[in-house]
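In what follows, chain A forms one complex with chain B and a second complex with chain C.
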Partner chain A sequence: MATDVRTLPLARPEPRGILRSLLLTLPILIWSLLMFFNPGSSTAPIRRIAAAITVLFMTSLFFMMMRTRSTYRWRRIFFVSLGILFPIGFIYNLILMRGSMGIPVEEMIAGRTPFCFMPIPFLILPAALTRTLVFPGSIASSSHGIAAMVALWLALTLVMGKGWCSYACFFGGIEEGVAAIPARAKIRKLDPRLRYVPWAVLLAMVLLSLAIFEPAYCMWLCPFKAVTEYVAARNALGLVQNVIFVLLFAGLVIVLPFLTKKRTQCSWFCPFGAFQSIFNKISIFEVKIDKERCKPCLLCQNACPNLSLSKESVARGETLLSCMKCGACVDVCPRQAIVWHIKGTQIAWKPERARLMFLYSAWALAVMFGGSIIAESVYTILHFVV
Partner chain B sequence: MPVFASCGEALLLGLASGPACIAACGPVLVPSLLTERAGFRPHVRYLSAFLAARLLGYMLFAVVAWELGMLASMLPAPRMLLMGAVYVLLACILLWYAYSARRTCAQPCADSKLVSIGAKKNRGVAGAASLGFLTGLNLCPPFVAAGIRAAQMGSLVAALLFFAAFFVGTSVWFVPFLSLGCFVRNQAVITVARMAMVLIALYYLSMGIAMLLGKKVYGY
Partner chain C sequence: MKLRATLGYTAAAITVLIALLTPFLLMGLFSKGFVALGFHVDEMYSGGPKVRAIPMGAYSIDVHRPVYPHMLQSEKPFVQLDWQPVSALPQHVSDAVDVDGDGQPDIRVSFDVPKDPKAPLRVDVDSLNPRYETMRNAGKEKYSRLIVRVDKAILVRVPLVKP
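And now, the complex of A and B:
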């Protein structure tokens, strides 16, 4: 039975000292400077300004994570910024290159479709059975190439598991931003069976991609085609495809997050998220619930943006497989019963150390991957403004 | 051509094109198998029914191929119509199957029947057989290649034998699907499989309608 939260003793963590926080932030500052001001980077003034803004942005957020000992709200600022800025830079580049967001068939045949991480699960079976990559992109292209993206994805995934969806995905930020707008959720009762939908989409799209020899999800169901790159509609079916993209985007990324205050596309639809969940099994970082401290007030369940906590999982002392390690539940728990945890150690054994180890890994990769995207988009904006 | 030589050719064609066959049948076969009970025997029963009905589809096609001589599948317009009709039927059966599979036992239970589509328990049409028959008529590239060779046979019996040998060759590739019996069945797995079936059915339905209307899928 849910406990009255008001009777629980509040045990908010004390802020860390400024000097100590600065010291803890130093490795991320050095990493960011190495990433954006290395000898090979551009010396153009606008590029330098964009890089400086990005370094300042990423380092300040990490500093605040250290200072306040809370993760979620600072990570959210980064993630929402990434979600908003990515389409700006990407669309600008598309228009610069080909004058439109629509990709014509000729470009696909020429293998010039930029590769995002979404099709990765759909490439595996056709590649294994026929040694063919069913994506009309280039393998070795330096930017947007399949090999580069797969390598990045693999590195981040092995470290963070489904943390990818909170620190690297450049799509999820839009709905997280929309979900943050209303003060209260208008729809509170959510059918738990909807959690199965991403797995069903994954299964269906993997099988269909093998059967029709193209990434079926990208062709038919990706909501983010609406804000990135879509198939140029030249006939009725092309139009239908684009209508599906726009409707899915409007429904899952705008309307439902606003009504539920949840990341509904991630929780109820995204097949890549379901695929990433599998890697939570091998990632050493996880979020655990100390059952001895937990009075099941279920504040964590309400706070989780991804529906990764249920009454049953809280009773078991763990999150569901779909946990994105965003830190919302850890931050909201009034008894600090939810902790960052490294597999193989005792629960609640130096949880702040586990948090720091996770955050160093996650943020270093976020600077490298998301930071680069932010820097590129800031450059685009500055290019227009200045 | 001696019969045994043409049968050998068909067998090799079937073996060589097996991956294409399982790729074409996978979207139908995998989710429907996942809605059946766990275990080796239910899966053997399912695959037996599926493959037997698929053989029936093959034989029917062999008769048509040989009778028409110039195979219907070689002509684009009738081929599109036939594929469109098969896709629409397949979509309807898949939707019906997903609905009927709601009664599948997630836990070990006495009911050893396969999912039967239709309202009355155990009195409907066997779902596996329906799906097998329709995938047997699915004009995937290796199947069309086999149809063209069968049309060139000297007699109907030879055409039937050719397709039977082709069927044996492709069926070998279906044996690994028995391993799906090892997967744990719980309500989550069955629900995911049923939802996937609905999605796949919607895809087939849209493709089927587009083909019947003579529309091309974008870019192809």
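And now, the complex of A and C:
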């Protein structure tokens, strides 16, 4: 039986002073300026305006994280903006380059399919067994090349583990935004066994990709093909593929997040998220529960957008392997029993220090990766408006 | 406990350092490291390496090494031929091609070269050697059986008859 939270003593953190918050934000401001106004960056006025808007946006959000000592709602603003803006910039560039969102076979043969991070788990077995990458892109050609994206993924994963899904994934923001719309969830009872589906999808797609030597998930199941690029429907099979993309997108990214207030695609389907969960084991930053302070009201379980807390895990004082380090549970806990933690240290000993170390590294990379996507999309919008 | 905490903070500090070094050093290092692993894009997409070029006057035909499907890949083995540059091709091409280099023509390939680079292409291939399949009015239905224009070349992929 869950405790009535109204009887719990509230212990919200005091806001930090403005000056101290500004000082803590200064490194991120300098970092952002370095990222967007370095000597190699474009001097075109619209590009500069887009860069300035992005710097202001990312720095302001970090300032609010410092000032309020809360993480989730400010990170969510960034993440939802990324999820909305990414398709705008990406689709605009596709239309500019090839006049369509569909990838024609000519582009695949020329190795010009932009490589996103999703196929990474499906490339491993074919690459290990035959040294072949089953993706119609180029390895070293550009920032959209396979090597560049794998390098970026590796660096971010070393830093954040599954935090990738909260600070870097340019798809997750769409459903997080949709989940934020309704005041209350229409569907509250969610079968916990659905948490295992992403692992099943991962296993099935890894084996299928090896068998048919194609990135099977990208060819058949990726819901985000509906808002990025898809295989141009040259025949009935292509048409079926595109119908599947649209249906999965509508169901998992729009309808279910709206009804459940959860990131359902991430929680119940995404094989990359399951793959990324493995790297939470090597990530030094984690979220822990101070069992002495916790009176299990399970507000955290309700707040978690990814079903990464269960009664059992709360009782054990930890999140599940799928924790995305979004900070929702930490911020919602009325007793501050859920804390940011550095492995090896005592739980709840200087948790703000752990939070700051995690946020500096995660936000620096969010500025570099997500920030550059936002800047590009803002540029696209300004390009049309001005 | 103190040692574990010290190790934890050291690892956390290294992680912050990794984040700061990512755009300036690590991205490049990891990227070069990945390239150095020597992977290649599946030849079903890339068409395989070129093995020789047949000069045809103003243009040439590049012959690629035959590509064989892996595992359960739903394609036939094929050989890719590139006619290039497109600007030097006549309005109608009809060439007998010695694919395997034995001095005897193996296939006759015929296609029109439209001026509009986006116009759809169609190809007929007459097999002069039973190793190669005949194609009639083929477009770009499958990776192993197609004609497409890629940059300055027209690529034709001819399926091989399975032994």
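Going forward, the second predicted complex is superposed on the first by the 386 of 386 C-alpha atoms of A that agree within 3 Å, B and C clash if a C-alpha of one lies under 4 Å from a C-alpha of the other, contacts with A are read in each partner's own complex, and residues count from 1 in each chain.
Here is the rule we use: a residue touches a chain if its C-beta (ideal position, glycine included) is under 8 Å from a C-beta of that chain, and two chains touch if they have at least 3 such contacts.
The structure presented is a predicted model; accordingly, all values stated were derived computationally and were not measured.
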item: Partner chain in contact with A:G344 - chain B first, chain C second, else both or neither; value: second
item: Which of chain B and chain C A:A52 touches, first, second, both or neither; value: neither
item: Partner chain(s) touched by A:V332 [first = chain B, second = chain C, both, neither]; value: neither
item: Partner chain in contact with A:V231 - chain B first, chain C second, else both or neither; value: first
item: Touching partner for A:L203 - first (chain B), second (chain C), both, neither; value: first
item: Partner chain in contact with A:A180 - chain B first, chain C second, else both or neither; value: neither
item: Contacts of A:F135 with chain B and chain C, given as first, second, both or neither; value: second
item: Touching partner for A:L33 - first (chain B), second (chain C), both, neither; value: neither
item: Partner chain(s) touched by A:R193 [first = chain B, second = chain C, both, neither]; value: first
item: Dominant contact partner of chain A by residue count, chain C or chain B; value: C
item: Those residues of chain A which chain B touches in one complex and chain C touches in the other; value: 105, 108, 126, 130, 210-211, 213, 234-235
item: Chain A residues within the chain B interface of the complex; value: 105, 108, 126, 129-130, 193, 196-197, 199-201, 203-205, 207-208, 210-211, 213, 216, 220, 231, 233-238, 240-241
item: Touching residues on chain B, where the partner in the complex is chain A; value: 19, 23-24, 26-27, 30-31, 188, 191-200, 203, 206, 210, 215-219
item: Residue ranges of chain C touching chain A (in the complex, touch as defined); value: 1, 4-9, 11-13, 15-16, 18-20, 22-23, 26-35, 37-47, 69-74, 140-141, 143, 146, 148-151, 155
item: Interface residues, chain A side, partner chain C - complex; value: 31, 35, 105-106, 108-111, 126-127, 130-140, 146-148, 150-152, 154-156, 158-159, 210-214, 234-235, 284-285, 342-346, 354, 357-358, 360-362, 364-365, 368
